[in-house]
Amino acid sequence: MKKKKLALRLAQILVVLVGISFVTFLLTYLSPGDPVRNMYTAAGIMPTEELVAETREELGLNDPLPTQYLRWLRNCLRGDFGKSYTLNKPVTELLLGRLWPTVKLTLLSMGLMLLMAVPLGMLSAVYKDRWIDYLVRGLTFIGCAMPNFWVGLLLMLAFCVHINAFPVISSAGDLRSIFLPALTLALAMSSKYTRQVRTAVLEELNQDYVVGARARGVRESVILWRNVFPNALLPLITMFGLSVGSLLGGTSVVEVIFSYPGLGNLAVSAITSSDYNLIQGYVLWLALIYMVINLLVDASYGAVDPRMRAKEQIR
Amino acid sequence: MKKKNFFLAHKQFTFFLILALLIILGAVFAPVVTGGADPLKGSLTEALEAPSRAHIFGTDKMGRDIFTRVIYGARASLSATFGVVALIFLVGTAAGVTAGYFGGWVDGVIMRVADMMLAFPGLVLALAVAGIMGASSRNAIIAIVLVNWTKYARLSRSLVLKIRDRDYVSAAIVTGSKTKHMLFSYMLPNALPTLIITATTDIGGMMLELAALSFLGFGTRPPAPEWGYMLNEGRACMQSAPWMMIFPGLAIFLVVVVFNMLGDSVRDILDPKEA
Amino acid sequence: MLELDHVSIAYGETQAVENFSLHMEPGEIVSLVGESGSGKTSVIRGILGLLPGGGAVTQGEIVFDGKDLLDIPPEQWRAIRGREISMIFQGSGAMMNPTRKIGTVFAEYLRTHEKLTKKEAWEKGTQMLARMRLPSPENIMRSYPFQLSGGMQQRVGIAMAMSYEPKLLLADEPTSALDVTTQAQIVGEMARLRRDYGTAILLVTHNLGVAAYLSDRILVMRQGRIEEAGDRDSILKSSTNAYTRSLLESVPTMGGVRYV
């Protein structure tokens, strides 16, 4: 039974992936700029009309759309996303090189975010309608209205220019240079998550089992950390899956601000220089990563909530 | 008399509505607010001046007055944001109501497309679309609409499905009401309040997304004043002229706060149980 | 043993219970009957200090074994709740964390009151279930609450509540969610508790049949006040109170015979 479900899910993913690849391909196909000219301009050559026509033929850009798409897709499946016009290297190699820094940044910012959002959200829920709750809610409200790139710039202004505690340009891979970008992302995310933690914990605190545990004399701390908190994680996991998308987009903005050598920064420069192969590769990769993460999130439900597990067994 | 009571009964709403209107009026009457200064012209002899009485927000590296540019920038930011919200509202609702009402393959196609759009990380796709189609505020709007309409489609579809199964709708179908009539007199009015709440609370978020795009240089083209891009310019001169990035950021922040609060109070009025 | 003296309970502005007095002796079974909203649940929740959001005892005294329950520190509360006074609910299953096994919940409870290792607590829980004559206690310990039937959940709840042989058992509609056969089983079990352990029971129910079977005394509540109080027979057989009579008449009959 379970295998069938998995197969169905994989088939769905495949369909969506084909759709994604088509949309991605279409994006660049329909774009107004001429990739060949861009390619030469980037290399510092002013191409003649003949050269342009020749190169177009060579790259197969004159073929009909389906042919071009299928050829491109076949190459993609072999892991070949073509060459970057501007950097003159295979796209896969470029993306792979930038993947780890971005993953590192994402993980660190998630960690920092949890360090802020979980205690604040719990506090806010446990002391609902007390001053600390109002304070936390006020802070999250402010946090939600701040553009994350502005937060990044302000942090930079404070820590790099005035205190000189961190390098302005985070090109080196050490912890000091990754800290500010991660903090920026974490601050931006934590407002949303703090609210979510608060709502989820409040919801759990209203459950009957909390009254039951109190009636049995169980310590409040045990109720909170061993029962309410783990149960409140479930909606948070769902939310995490959904927000990975905005996180991946958010990293690109922050990476640009701090000149951090990650995927997003690469993508932004690829977009500005109309490096289509690189853009296609990037979008496709991120869509794939996003889908894999959401698949894992789905799968983790059963592990977290026995009720889900039971339902699956019945099916 | 009744109107007055409504505004008095919802003080929070009234307060933020007035603030929002003031912001909009400020943008519309920008020439009056700035005393006729030109947002595009500056004199290089006055470049990078710190805030003073002559230039209360200081000047940028071209010597343009930042206060004037921030006020004029509201035009670009507000119109783009309202455009985006109106478009996602219209496109999403139309798609969702159609899918929910007709069901079957129409529903299947629309919702699969929506699924697909959801599989792209939002801002990433918007970046790609805006970047590939070329930097302009129109393209930035299209990019953001493309990414965000699905939320409204899902919402209005589920609302319509919920309503469709109610007795009075079945009764209307049995008595032979026309499709168009059904859609406009039953489905839409019922789904509308929830959708309006979502739209008002989305204004702030959309403004932030647009600002992010133009910050990266994929929105309004310079030299037209726009907050996101002004921040980008400010970033380059952060050490020598921090006011260049502080004031546009503050403007975004304040406007988003006002519209978020307005959205919250609209929700409180239309849907009291959620508060 | 338990003394409620002119107790009033309010949720914000709304008065839920007014001027409620009750005296209970060890081993006594008292029923609080009334329609939903009559304030009966507020009374027993108030005794354990577990009134839901915004509820508070605004007047009166609640004294248990010489301790003023309205004025004791949290540390002492823990020693009373689940040990000297236990509570069972309408759905005991819902009163346990749905994401944890019954055994885990049980062990957590026992370890609150005794210094036990997890393993010891688990064993003690199993023994307790066996002592309360539940079938295959090991299986029950390993199950999640939702995997058991309503009646079984209720019996587990009672077994848990009896772990420390409390002097007082508060029962909040313990049979209302069950079918008739299971109801009879649970009622029988509660009657046995008093016989075997001398447990006093304060039972809240809207089911006069259950109250009639178990109680020594019955308190009829209406709109937060005691409408009538007395021993079982005087309430059931010779009440002159119009409200009590109407409650009695609403009890369904079987074959023309009313069993209360």
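Odds and ends about this structure:
Each chain carries a letter (A, B and C) given by its place in the written order, and its residues are counted from 1.
Note that contacts are C-beta pairs under 8 Å (C-beta built on N, C-alpha and C of every residue); 3 or more make two chains touch, one makes a residue touch a chain.
All of these numbers come straight from a predicted model, not from anything done at the bench.
Think of each touching pair as a link: the shortest run of links from chain B to chain C has 2 of them.
Most remote chain with respect to chain B, judged by CA-atom centres, is C. Central chain assignment: A. Criterion: smallest distance from chain C-alpha mean to the mean of all protein C-alpha atoms.
Centre-to-centre spacing of chain B and chain C amounts to 55 Å, using the average Cα coordinate of each chain.
Chain A and chain C, compared by their mean Cα positions, are separated by 51 Å.
The distance from the centre of chain A to the centre of chain B, with each centre set as the mean of the Cα atoms, comes to 22 Å. Chain contact summary for the complex, chain A toward chain C: residues 208-209, 211-220, 222, 226-227, 230-231, 304-307, 310.
Of all residues in chain C, only 48, 50, 52, 74, 77-83, 86-87, 89, 91-92, 94-100, 105, 108-109, 112-113, 144, 146-147, 160 touch chain A in the complex they form. Of all residues in chain A, those touching chain B in their complex are 15-16, 19-20, 23-24, 27-28, 31-33, 141-142, 144-150, 153-154, 156-157, 161, 244-250, 252-253, 256-257, 267-268, 271-272, 274, 276, 279, 282-283, 286-287, 290-291.
Across the interface of their complex, chain A is touched by residues 112-113, 115-116, 119-134, 204, 208, 211-212, 215-218, 228, 231, 234-235, 238-239, 242, 245-246, 249, 252-253, 256-257, 260 of chain B.
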